[in-house]
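Shared chain: chain A. Partners: chain B in the first complex, chain C in the second.
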Partner chain A sequence: MAARQRVAEHLNAALGAALAADDRLYLLGQDITDPYGGAFKITRGLSTRFPRQVVATPISEAGLVGIANGLALAGNRAIVEMMFADFVTLAFDQIVNFAAKSVSMYGQRLPMPVVVRCPTGGRRGYGPTHSQSLQKHFLGVPDLDVYEISPFHDCADLFTGVLGRGVPALVFEDKVLYTGLRRPPGTADDLFRYDLVGPWPGTAVVRIAGIDPPDCVLITPGGVAERALVAMRELLISREITCELYVPARLDRTALEPILPAAARAGQVVIVEDGTAGGTWAADLAHQLHTALWGQLRGPVRVVSAADGVVPAAAHLEEEVLVQAGTISATVQRGHR
Partner chain B sequence: MNPDDLRMMLLIRHFELALLDLFARGEVHGTTHTCLGQEAVPVALSPLLDPDDFVFSNHRGHGHYLARFDDPAGLLAEILGRDGAVSGGVGGSQHLRRGRHLSTGVQGESLPVAAGTALHLARSEPGRLACVYVGDGTWGEGAVYEALNMAALWRLPLLVAVEHNGIAQSTPTGAAMAGTIAGRAAAFGVEHLHVDATGPGVSVPRDALTGPVERVRRGAGPLVVEFATRRAGPHSKGDDPRPADELDRLRAEDWYARLDGPEFDRLDAEQRARVAAVVRDVTARPPATGRAAAEVEQWQPVSV
Partner chain C sequence: MSELRVPRLNSNDTEYTLVEWLVATGEPVRPGDLVATVETSKATEDLACADAGVLRHLVAAGTECAVGQVIATVLPVGARVPDGPRPGTPGPEGEPLAGEPIVTEPARRVMAERGIDLAAVRALGRPVIRVADLDALTPPDPGRTEPLSPVQRAVAAVVSESHRSVPTGFVAIAVPVDDALRHARELSRTHRCLIGLPELVVAALGAVADRFPHCFGAYVEPGAVRRPDRIDVGVTIDVGQGLHVPVVRDVAAKPVAEVAKELMRHRLTALRGSFRPADLTGANVLLALHTDDDVTVAVPIVLPGTVCAVSLAGVQPVVRLDADGAPVTRSVVQLGVAYDHRVVNGAQAVELLRAVREVLLAPVR
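After this line comes the complex of A and B, so read on.
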């Protein structure tokens, strides 16, 4: 049952559970009410079950995040759906200047439990303004958490934890994940197992038991994990190169401790992300690994990012820009000694 | 004028004058925006506000805070970064919070937030409202219209208090605003009220507001109150590019210049002395700790 749940259904159930558990939780967004149920159908059925808590708004991203901020100030909690992550740029001021700063700028801790869900990434042919990965623009803001869902993490646990922290947060959700299957506990696929390790919300470690050290440690956010799995399988079967994959759910302040032991022993470390290079999660993590493991690494940590261009609409052009399983596989092969 | 109202007008006036004086002496770090000439707006409005109403103030917000809390020491400590500061010295002049009173330094940002609090109040605490102070220049921000639209759609108890002083920093309203505030409110079907707050008295504007504000509380939907007012001082410190004859006219028309008599002189001296004592007290205090003053931190709404 739950084992065959699609990620979209899992998210829907997680939101439903959160709304049922707290009648001061609001869900806001554009076109999220029934019968439409949201552009990606993540909120389908929720406005029928929770008519008071689910609020459909006009096309006003800054305005609706502002409404969420006001609800939070008055003692409520709010989850906001951006129809596409690209549109979160319109709410940058409300998120960065109001929600995040209000936590501390008045000289006392002010809880601002506001979660902005962002359907992110390409590979759906939506073109340059509906396919970006904007995670990096929100990293390093005091009192603003950045998360990304994965096929391994439990989104109900994620939303409960994020709302409970009282700090505003962005949750990025790769659009392609929605239609994919959520992985049952422990089983990544017929070849690989996974465990959740480290501090909440946990880092998924995907591997074949008994192989230590791996030839390669791969580190990716949830949206790239599926492509990394495809690359790991191909590398193992065709090249006999073993990989261990680390998928943290938290992108700002990614926990290093689950990653360090394997990264220190592995033949190489490769970090893969979906957005363009330059001031990114992967670059920052690579720097932290270099600092923590200087003298122990076998070679420089390498970073794979999207090409330096907009995300084209045509499938063949989009494929050239975005990271593919083949990109990951080729990078690992080049670094294999 | 009612002596309490005049006291508050004079407290704000002498507070702002003392601040400019401290600035001139190099004792203020950073910047500040005084509300000289605009004192009547918060003094007229504040008695109509419930302690548990939300109030959103802005960069020119000293008068809003003083008229609601009569706390010149906490405010001055905040501006000077001294012990007992409202926001622990973190926020400074533009970022004050005391319970449900908040100010922020980004134009237009507060309107959607105020609408969000109004949504909460309409559903969970009917009878209360969210009041947001903006200037005429704030109407250049798109967030204003997103908020007005939702507030009107959902009939939220939102009171938009516009301090129309005819100038945004250095830009005259005529160079920045097409049409009128009344026309913009009308476009959303939002009630608009024009109130003259340029005179010395506050009872006329307050009486004009009493009924309409009560209707907002009872669920009639948002209200835009456009206060005609004058900015008699500079935008922040010494940056006033307006021609000398215009400044002379503003000063001559300023409410403070138009009042006299023994009762005025008595209250004027009283508030001048009060502010001087506050300045002596606060400037002698140790630096702010980064934590809000205890009485601010312990605030609780009357009933939630």
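After this line comes the complex of A and C, so read on.
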């Protein structure tokens, strides 16, 4: 019996498979080569296996994304690793004004297979500048896709699909997920099952078979999914409140079709995200649900975001700012009638 | 016996993978022997056992183990290890063993309240047990109950005993009452007391009783009837304080005015709710009054220890043809009798009713 894979190992294998499948694919980033293998060890061993394709770069996010853009324009493909997602702001111009615009501004559609991987989120005590969730700043940019990995989605499939689309993309990776376990197909844990539904890259639907309609539909990106699972278990076992969890892998243009039927039937809909409120994925999705289900929803879609403050380094203070399983559970209980 | 627990090996992980067992289950171990390899997110580490004995695996290789989880026991030297996994131990991949449901806390509380054991819940075959799932194991809640009033409990006892012990028949006849009502009004004026059809019927029962001794007797096992010494008529009275059956004594010896005054005393007592037992015992016939004019016919309950229960229904207007063939309106009541069929048959019952009707149609004392 194969031991279950941690998400970091899974990502490492997915990147290895992508590099092996395409010798014009490059992997760029700071300190990603052996023996260090990257700050989170996601690229460990890859520079040894693919020394020409895996390139360590100087500490310049704008510079290394610029290299990736140049490689793409020259007919290659590139996956870039930000050491921390916080630093992606330094490459904002290269991503938004160069990579995304290059797809369409030269008179003919130009493939720009550039993927920027962003280790994101807090709960590690890394403080204000190494713990942010900046997904919202990249939403709504034409020809720029935004994805987030989850314990349910296959990252090899994700990278293959993103590179194949030829549209520049950010892939957010919650850094707490790295050491967590990937969920085997179909089984979220001893209580919940999951299915991948809807258009590529799929939305994971986590539920207990035979309970319909659920009291609550939860919608979260992959990084929040583990906390949502903890809350769902507690709500069911302590209070018999049943939840169905939807985890889309794509954050810009999140597919509504998989979510709408359950959201219309459920007693309440709660969207949870990391990061501060204001112009966010969750707010935009809530608006779309209100528009699509006007007159069918049992109440307003509610959004849970991080507190309006920087992420403290001290664990007990950080816990007050960031969304916890208890935050989700309490929100669902308040909305339960 | 000692336990082998997964120690905390770093600060990042809450569970580790048990990669392999270095010592097979059932094999002897000594203190310090390395028995298992676990893998954290950063490294692999071998776990040693502390005691000598025989190792018994509690989880399979490949399982994710939480920090602090017991993964093996060390049995005394020479012990035999039973085959198969220990019950209640999670299977590989974190899936529960088949048949071990997850029971919610509210469901656990209800199980305790209703005395449902885990085996019954397991038999439901559901992966998750909620309170609603337990309804299949218990009859639905009978709802709230509240005690009956003492008076109604007494009624319940009497009617239950009647239904249990007296096999009854029932018959009713129509009685034209225009003349009787006129007589009653005259009598009321003469005697300055309320006299109506009930008073006339009580008196009529007294007047005819000596011709129908069995109707006023009591059935005695095995196949005898006790004859009455005198005629005591129990009359149903319900003035809103519950149903009572006070007894008018020796009606054969009393003029109707006396009967009326005795009944009036009982009605007043019923209003005060202070009957003495002597007021309520010893009837050898029952008159059930259903004199609401909406009542067309009434089947009374035969009091245990009596044979007949007469019922008086409401006054109904009917259209009849007079001697010249012209339609006229008459007042009619249905006079019924339920009878203990062991003592009396239908023909005698009808004869009793006809006799009472004769008295009502004739001038009354």
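A few notes on this one:
The rule is simple: the second predicted complex is superposed on the first by the 334 of 337 C-alpha atoms of A that agree within 3 Å, B and C clash if a C-alpha of one lies under 4 Å from a C-alpha of the other, contacts with A are read in each partner's own complex, and residues count from 1 in each chain.
Basically, a residue touches a chain if its C-beta (ideal position, glycine included) is under 8 Å from a C-beta of that chain, and two chains touch if they have at least 3 such contacts.
The shown structure was predicted, so the numbers you read here are calculated from the model rather than taken from an experiment.
Once the two complexes are overlaid on the shared chain, A:189 sits against chain C while remaining clear of chain B. Of the two partner chains, neither chain B nor chain C is touched by A:288. Once the two complexes are laid over each other on the shared chain, residue contacts for A:89 go to neither chain B nor chain C. When both complexes are overlaid on chain A, the residue A:160 reaches neither chain B nor chain C. In the superposed model, A:208 makes contact with chain C only, not with chain B.
By the touch criterion defined above, A:68 lies against chain B but remains apart from chain C after alignment on the C-alpha atoms of chain A. Judged by the number of chain A residues each one touches, B leads among chain B and chain C.
In the superposition on chain A, contact of A:106 is made with chain B only, not with chain C. Once chain A of one complex is fitted onto chain A of the other, the partner contacts of A:237 are limited to chain C, with no touch recorded for chain B.
Overlap of the chain B and chain C interfaces on chain A comprises no residues.
The touching residues of chain C, when paired with chain A in their complex, are 12-13, 15, 17, 19, 39, 41-42, 60-62, 64, 90, 92-96, 102, 104-107, 126-128, 130-131. On the side of chain B, the complex with chain A involves touching residues 54, 85-91, 95-97, 100, 102, 104, 106, 109, 111-121, 123-124, 130, 142-143, 146-147, 149-150, 153, 288, 290-292, 296-297, 304. Partner chain C is touched in their complex by these residues of chain A: 1-4, 6, 8, 178-179, 181, 184, 187, 189-191, 208-211, 236-240.
Those residues of chain A that touch chain B in the complex are listed here as 52, 55, 57-58, 60, 62-76, 93-94, 97-98, 101-102, 104-108, 110.
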